[in-house]
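Two complexes follow with chain A in common, the first pairing it with chain B and the second with chain C.
Up next is the complex of A and B:
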């Protein structure tokens, strides 16, 4: 067991900042067709200066095909936007509807873990409702949503934007993050930080149809925890 | 055990704000317009919970449609998940009694406010906040997740009905006491290690919940412009972007003995407001106070304050000047701190503040007014 057994699965803000940079770089290498993760710096407008660069990671204008109900997983490769959206496909009433998503990864000082905030639009710019989002959820996420309406995914205040965004609750994150790294041979805490957000996103992204390419996880000794193989 | 609140806690629970609520003119279909509803809003309550009480005043004049209640103050849609008392402390520079609010039953601003379907939305917002507090305090939220359905309901009902005894009876089972009887001494004898120090040592030492004390705090920082003396004159908030919301727990280590005051706590929570190099005179008066704080062995806030006052006399300053000089001039400066409608002296022990002025969600909600000149370099 490589890691210090007392590690509780959480990271500090400065570690989050480092992990964000690592995710952003790896994403660019493995996912060049996809919009990049960029760091959005939030200066508190009237504060003179700040010790830390307050901010969050952002990936916007991500196009995602609404997944058909009967096959939540099989055609997820489509959701990568690797192929440009075909105009003809949009006219086809049988084609899956294309939704546009914005994803933000915000650090929670309370839970000391990253939290995903997101919003989605129809192609005509209308915001997605919970029902629209539900239709796109993989079966297991949908099940969780039905069982725990208030503690899994809700619409809440975005901590930096003062607007309601959908968010996935973070109260269990540290526990499963700890599990993810428990059989890692990595002994360096720095290596854990490096891989932290990539691993986190490989789980959380599945809920919203954002998949982390396998090669991003391969660079360490980690296995994607919930992959089918 | 533990189910008896302190005198101060009881006062906080009894706290109400007289409200004068008018229906928005766009929703009035009758003439003459209905008179305003005059009701008392519990400080610890939430605005949507007043809907049932307010509705009868206006139900005859509403246009057809489904109700989704929301409130505004001077054009600002009010966030319903913030307790009523906190909204009042934050948005009324000079306390306004009665507080003039406008109610809407139509046209919910879905782009600005989180959805609020019914009382369940408010209840779960509260429970999720409690969960967050539990995580901060204990490093997990098992006690909240494992709460029985009936306890959960009773806890919520006791908040809705303002019943402190039954609230404390159930919440004492949740083991969220940071500053219970034994915790008080722990906290008053703890030293503070700044967030920065902790983070730079993160690689070597990742503290578990047992070694780090964390206290749930929500801060609302409002800029009131430069040179404001009369809080009745400040421009009303017309956009939530004018308020900086800081959701950052206070972290402390219990090592050597140093009294943690509200001043110390604010300095840890908002280092941005304390890092400007003060002039020499300010520096010396600040050192005096720091020195007093470290040399005073008493934990009695009154004694500490007397000591500071007498020190101020020696330097021919009024206590107010002395205290205000704790904050750096020229740039951003704290003008006012409000908690539960009280403007506490900054020398009081933070443990007392937490024990007595915390909301039922176990968060301490602090409104901070700062001045900020607009021509600051960014």
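Up next is the complex of A and C:
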């Protein structure tokens, strides 16, 4: 493909697929404390050519301790009738509230960039509100989310799951992705594709409290254009 | 060696997690297939061994937990579906009730007993050794409130009570219970078990350690063989619990099986737990329990007691999950509308003040071509409080040009426009606060017969109240004279007023200037304070619709020529003028001086101003479709204006409705009052060819 300077910051669907695989592998190596990124296959849609597998990257069960004391909605006690006394059940102390997050990286055919979809819920399944999510973010993440001109959190129908998920709006992505690679030493498009999702995630991840370890950002497998191998 | 200390074996309770997808699926199942049918539904739960040292795993329900809708009557037997290593399927049953009353009065104890009996029967028949997941069978009761999108529910994990209770003689990390070789072999065997499709979702198994330290994992059904072949056999299970000193709930029924079927009293068990997908013998536990059940257990008629209702924060209470935010269509519409405006603010207009738009109350006089379109564009900007006044009914030709009406509004003589418009607005956006008022506006030049004078007086008062209780007034009626009274009342209350008027192919859209007097008579408005220090004089105020007129409004509908009576305009005109009217308002609302904002002229050299991101704020916009041209104009208030000058407004304040009636019944009264009569007399004395009559082409806009 062409030199980076004429690149507009977008990638094709098959490039997204390659970048996803690269992200998933690097993540396993450098960030094994976190759940892994798994590829989920989906039913084919008409706009994807038949030889391409359609799907998205998923990272689920990301736990986040909540600082809020209020847990899920508590319903009223009900009459019970007689239940045998149960000595063998442990008195479960009120465990600290843990919030669970699921993150999906989905390709947007119209913007030609990846888009982050995410949702959070209490440990019993009650979805988190925007307030809950914001409270759970590290302070600098919240600041970035509110002030950055590149990130805007909105709610949209998940392209495959038919229910509203939170998402970071895609319209600025190609601009700042182009910026991110503009001073890269590599001019090979293949290398850009390989690092694409890692770099992209390092930016959007900050906003949602998903850290990308530094070592993943160091480009690997970059060949200078004229080296002999 | 371990200390032989006996203590009661206590199990960590199972926790449930009903994912949003499960409830959504239940909703559509109820709406599409089940209806009011309350028969129990077989469902599948999923769990996996603990995968995190600080967080226990849950028994999870997903949308796949409910049977697929193509099966009309799935038998209870076909409930277990194939899972994977992270989703061990477990059979369960759902009792969903149709009312909250029946939810509360379900006989929970007998339901629990029934499920416990199934587990007991599976143990006694040997089925539990073939399909071990049935040991973790569960029960769910629920009430889905489809109006509030709220789901009340209660899980039970039936556990057969051991009587007397089991005692624990040892419990420690698994890594401490095996030699290095055994541990390595065990890890390899577990990995194998967890990675192969036929075994990865089998949650109960036998761990056999040979004398050469080789570990094998076998199915429960191979007990006889394993027992004889191996010296060391542990009973292993996927433990969802993470606690270092307690095994998880699934062990309870497992012990019941081991003790009653295989008559083992000293039971070594393995609580299998993982980290990052691999077996972790530091957090996995190995323990030893002593179980000696009473002889009653041998009686084939005997059924052990069962416990297992999930506690809600330590209390015996059901739980509730509310999904209104993501399922209630009205809420979704509101949130989408808000996000859309916020997106605009983020991308293009950071100074956009959504609050002010949200809170501005707009009064629209006229629900015709202009009124309908103004209302729509206002809603698009996030305005939520709209009142429409119109005395007419929807005519057959209206729906084509008046964008809130449809064909059905015209039938049977036609609905009242004000009412039909509000209905339509609510169909577009359900939470709009729209009100329709069927009322005629008293007009000068249309003398009032004495018998209806009282009702006209009432209308005047009502109009005054409406104007003072709103923030913005749009004059969108179809005659010039109908704009007079509202203009006066607005000037009196110092309300932002936007006028739109149409000719055949030309339009004017303008904002009236501030009112002429210092204090607003409605002392409720805070604006009174700001005004009291400022003196408005005609020179600085922007003009109103009548400021350029040299005659008072008269009856323009009588004596009109044919083409004036057929008030026709090019259809594209009304949408253009309406849109400009709303955009002009948005500009005013964002200007720091509000109604007092000076009028600006658009120029081609205007390059954008950071302080006014919405652009120029003109006084008047006049445009023509025949030229596709548009220009901005500036006009100051006239001291002789029949509608907004200080003389008129103060006279109104002094005499109220009487003044209005006089102006309506005697149009020359206004000209006398304002000195226009004098002005014209003196102009005549110069013998200019003064055209005394309203010149339709230049001055008057015949509006729709």
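We take it that the second predicted complex is superposed on the first by the 160 of 229 C-alpha atoms of A that agree within 3 Å, B and C clash if a C-alpha of one lies under 4 Å from a C-alpha of the other, contacts with A are read in each partner's own complex, and residues count from 1 in each chain.
Quick note on the criterion: a residue touches a chain if its C-beta (ideal position, glycine included) is under 8 Å from a C-beta of that chain, and two chains touch if they have at least 3 such contacts.
Quick caveat: nothing in here was measured; it's all calculated off a predicted structure.
By the touch criterion stated above, A:121 is placed in contact with chain C alone, chain B being left untouched. After overlaying the two complexes on the shared chain, residue contacts for A:63 are found with chain C alone; chain B is out of touch.
By the document's definition of touching, of the two partners only chain C reaches A:98; chain B does not.
Contacts of A:111 after superposition on the shared chain: chain B is touched, whereas chain C is not. Of the two partner chains placed around the shared chain by superposition, neither chain B nor chain C is touched by A:30. Once chain A of one complex is fitted onto chain A of the other, the partner contacts of A:8 are limited to chain B, with no touch recorded for chain C.
Of the two partner chains, chain C is the only one that A:152 touches; chain B does not reach it. Applying the stated contact rule after C-alpha superposition, one finds that A:190 touches chain B and leaves chain C untouched. In the superposition on chain A, the residues of chain A touched by chain B in one structure and by chain C in the other are 127, 154-155, 163-164, 169, 171.
Chain A makes touch with chain C in their complex at residues 32-33, 36, 61, 63, 71-84, 86-92, 94, 98, 121, 123-127, 129, 149, 152, 154-155, 161, 163-164, 169, 171.
Residues of chain A touching chain B in their complex: 4, 6-8, 10-15, 43-51, 108-111, 127, 150-151, 154-157, 159, 162-164, 169, 171, 175, 189-190. Listed in rising order, the residues of chain C touching chain A in the complex are 8-13, 15-22, 24, 51-52, 54-55, 58, 61, 104, 107-109, 112, 152, 159, 161-162, 165-166, 243, 246, 252, 276-277, 305-307, 309, 311-323, 325-326, 332, 335-336, 339, 342-343, 346-347. Within the complex formed with chain A, the chain B residues making contact are 79, 81, 110-115, 120, 124, 127-128, 131-132, 135-136, 139-141, 145, 195-196, 198-200, 202-203, 206, 208-209, 216, 221, 223, 240-241, 244-245, 247-249, 271-273, 275-276, 331-332, 370, 372, 376, 378.
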